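Two complexes follow with chain A in common, the first pairing it with chain B and the second with chain C.
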Partner chain A sequence: MQSVSREAHMVAMLAAFCMFFSMIEYLIPKPLPFMRLGLANLPILIALFLLSDRKILLLIFLKVLGQGLVNGTLFSYIFLFSAAGTLCSGTAMLLIFKAAGKRVSLIGICLAGALVSNMVQLVLARFFIFGRSAFIIGPPFLIIGTVSALILGFFAERFVEQSKWFALQRGERNG
Partner chain B sequence: MKFHRIIKPVDSLIFLINVAVILLLSISVYGGRGEPSNVLIEAGGERWIFSLDEDRVEFIQGNHGETVIEIKGGKVHIADSPCPDKLCVQMGWLEKPNDWAACLPNGVFLTIEGDSDGEIDAISQ
Partner chain C sequence: MDKPKFFLWAGMASAPAFLFQSDPLFRWIQVLLFISATIISGKKFRLLPNLLMTAGIIFANLMTPNGKVILSFWGFSVTQGALVNGFSRAGLLVGMIYLSRFSVRKNLQIPGRLGSLLSLVFFYFDRIVEGERVTRGNFMEKIDEKLMAVQKISIEDFSSGENPDHLSGGEKLIVPALVFILSWTLFTIPLLI
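Up next is the complex of A and B:
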């Protein structure tokens, strides 16, 4: 019972961090509206080590909602894009983390998440809005996504290695 | 802070997949647009199709007079048209499928046909 409530607290806190990072991301000027750095994925990367699968999915769902609220896109068609992108990339990150275990670091997880999210959004853009011309921005879109995912993944990996707070949380979960 | 210690085998694999996807998408979007084949001209409910490979000059009768369309070296442009602003002439040379130009006052429309869609569709499925 104690561990369940601890985990629920952790979900709430990481979801709040997702909203916080969405807001930071929203403040950073971007040349195109749908270019993302993916800062809000940082709590999800950390959650991979701290939460059960079901709670991670719950966190992903909360992140989608929080991001929609912060960006003001919750009731617009753009929300469909970010929701589909996050749900697919979150699931992909979770699956790769489970399947590869110690053979993968957060850099790889983050790269995979960015690729899945961006491809899903490109395919949606192709079918619902821009038609075939959507793919013309594909390569630069994916390159920027790859670079920012590398940086973010590296940062997350360092955080997981060095954070005393993280070590404490992880220790309490396992022990 | 050593990279070779942090980066794991699956990381490299995922990175390579990333690069491969970007390369494939780049080739299909920017490179493999298919050979431009024909020039389609429409005016006054009539349609003409000319090959891009054969240099020629066509005079198309429109609402106000003849629009001059020149095909040269695999490209096509409107060389002259009896319209006041000559926007159609300024649209310049067309060379890729789905490029288009039009002289609205004279009612002449010009585009390049081509099957550029196949490869991009294959990626998206």
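Up next is the complex of A and C:
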């Protein structure tokens, strides 16, 4: 076995939590199969404070893979939507966090991520499933995405303020 | 090939037979197969959380009517399509959990850096699902406590393979081989009927 660093353990643990949240999210029915609340993005939002850029990108990749495995969509077109949405939104969230730092809250970062993810998925839906009529589902899709991102962002904001685990990890990282 | 890897390959090779299962009933038979294999190979199984999860998924799916109404009470309609859909989705989720728990042994070591990382992800996922249930506090406190509990698992705990599987060498190879053969048999039967 190759030696595994402490940061790799953190990546693996957060990826496992992404899988766990995907599992919880699976319980909630969706009007469209690729539509998600985004609960599994919580570990990525936390990781923005705890991991290096490369490790965050690795975590995003593992999240996509884990989601496909847990939800059993790895071999379906849903995976393509989910993967494209997650990869683009994750990268967008990372870039905004790096560029704006504390000037943008996790609610803002989460909203931007959801917007990017939903837009990418709408464009894919336009070309792969619905054709031009894809934009009919655009408004409700974006509204639901925005509301769920607001809720998740608010939750993530409270989590980083109140979590004992997060405080411990941050202390160790800074110390 | 060492034994944990044999479990992993058997699980991965069985996954398509489960994912592409067209018949919900046969999907649930596969679920029972994976649960049995998980128990035989020494991992815990709790009935109540799985029953609650199944009921939750079926109920959530019933909220979106689909197909013929088979039952109606207090203004709530149970439709056939939604019921079958919920039943099948619940089976998919429970089955994937147990297939993954069965396939990933504690001392699994996939070669390479990405392999090591994937082994770790599966290891932590198993600890999250198998670990003690957190009952105190609100949703956020529960997540926090779960993170603290999983964090306690040290690097040595992962690499030492503590709490090894209790099966003997021969049994270890028979169980994954049987899972593979039976899951593909169960996949094929509905196609032939």
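One rule holds in what follows: the second predicted complex is superposed on the first by the 170 of 175 C-alpha atoms of A that agree within 3 Å, B and C clash if a C-alpha of one lies under 4 Å from a C-alpha of the other, contacts with A are read in each partner's own complex, and residues count from 1 in each chain.
As a convention for this text, a contact is a pair of C-beta atoms (placed from the backbone, for glycine too) under 8 Å apart; a residue touches a chain by one contact, two chains touch by 3 or more.
Quick caveat, the model's predicted, so the values are computed rather than measured.
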item: Room on chain A for both chain B and chain C (clash or fit); value: fit
item: Partner chain(s) touched by A:F159 [first = chain B, second = chain C, both, neither]; value: second
item: Superposition-derived comparison: chain B or chain C, residues of chain A touched; value: C
item: Superposed model, angle subtended at chain A by chain C and chain B (C-alpha, nearest 10 degrees); value: 100
item: Touching partner for A:F49 - first (chain B), second (chain C), both, neither; value: neither
item: Shortest span in Å between Cα atoms of chain B and of chain C, once chain A is used as the common reference; value: 15
item: Chain B-facing residues of chain A, complex; value: 96, 100, 102-105, 107-108, 111-112, 115, 119, 122-123, 126-127, 132, 135-136, 138-139, 142-143, 146, 154, 157
item: Chain A contact footprint on chain C (complex, rising order); value: 16, 18-20, 53, 56-57, 60-61, 63-64, 89, 92-93, 96-97, 100, 109, 112-113, 116-125, 127-129, 140, 143-144, 147-148, 150-151, 155, 158-159
item: Residue ranges of chain A touching chain C (in the complex, touch as defined); value: 1-2, 4, 6, 8-9, 11-13, 15-17, 19-20, 23, 26-29, 31, 42, 58, 62, 66, 69-72, 74-75, 155, 158-159, 162-166, 168
item: Chain B residues within the chain A interface of the complex; value: 6-15, 17-19, 21-22, 25-26, 28-30, 117, 120-121, 123-124
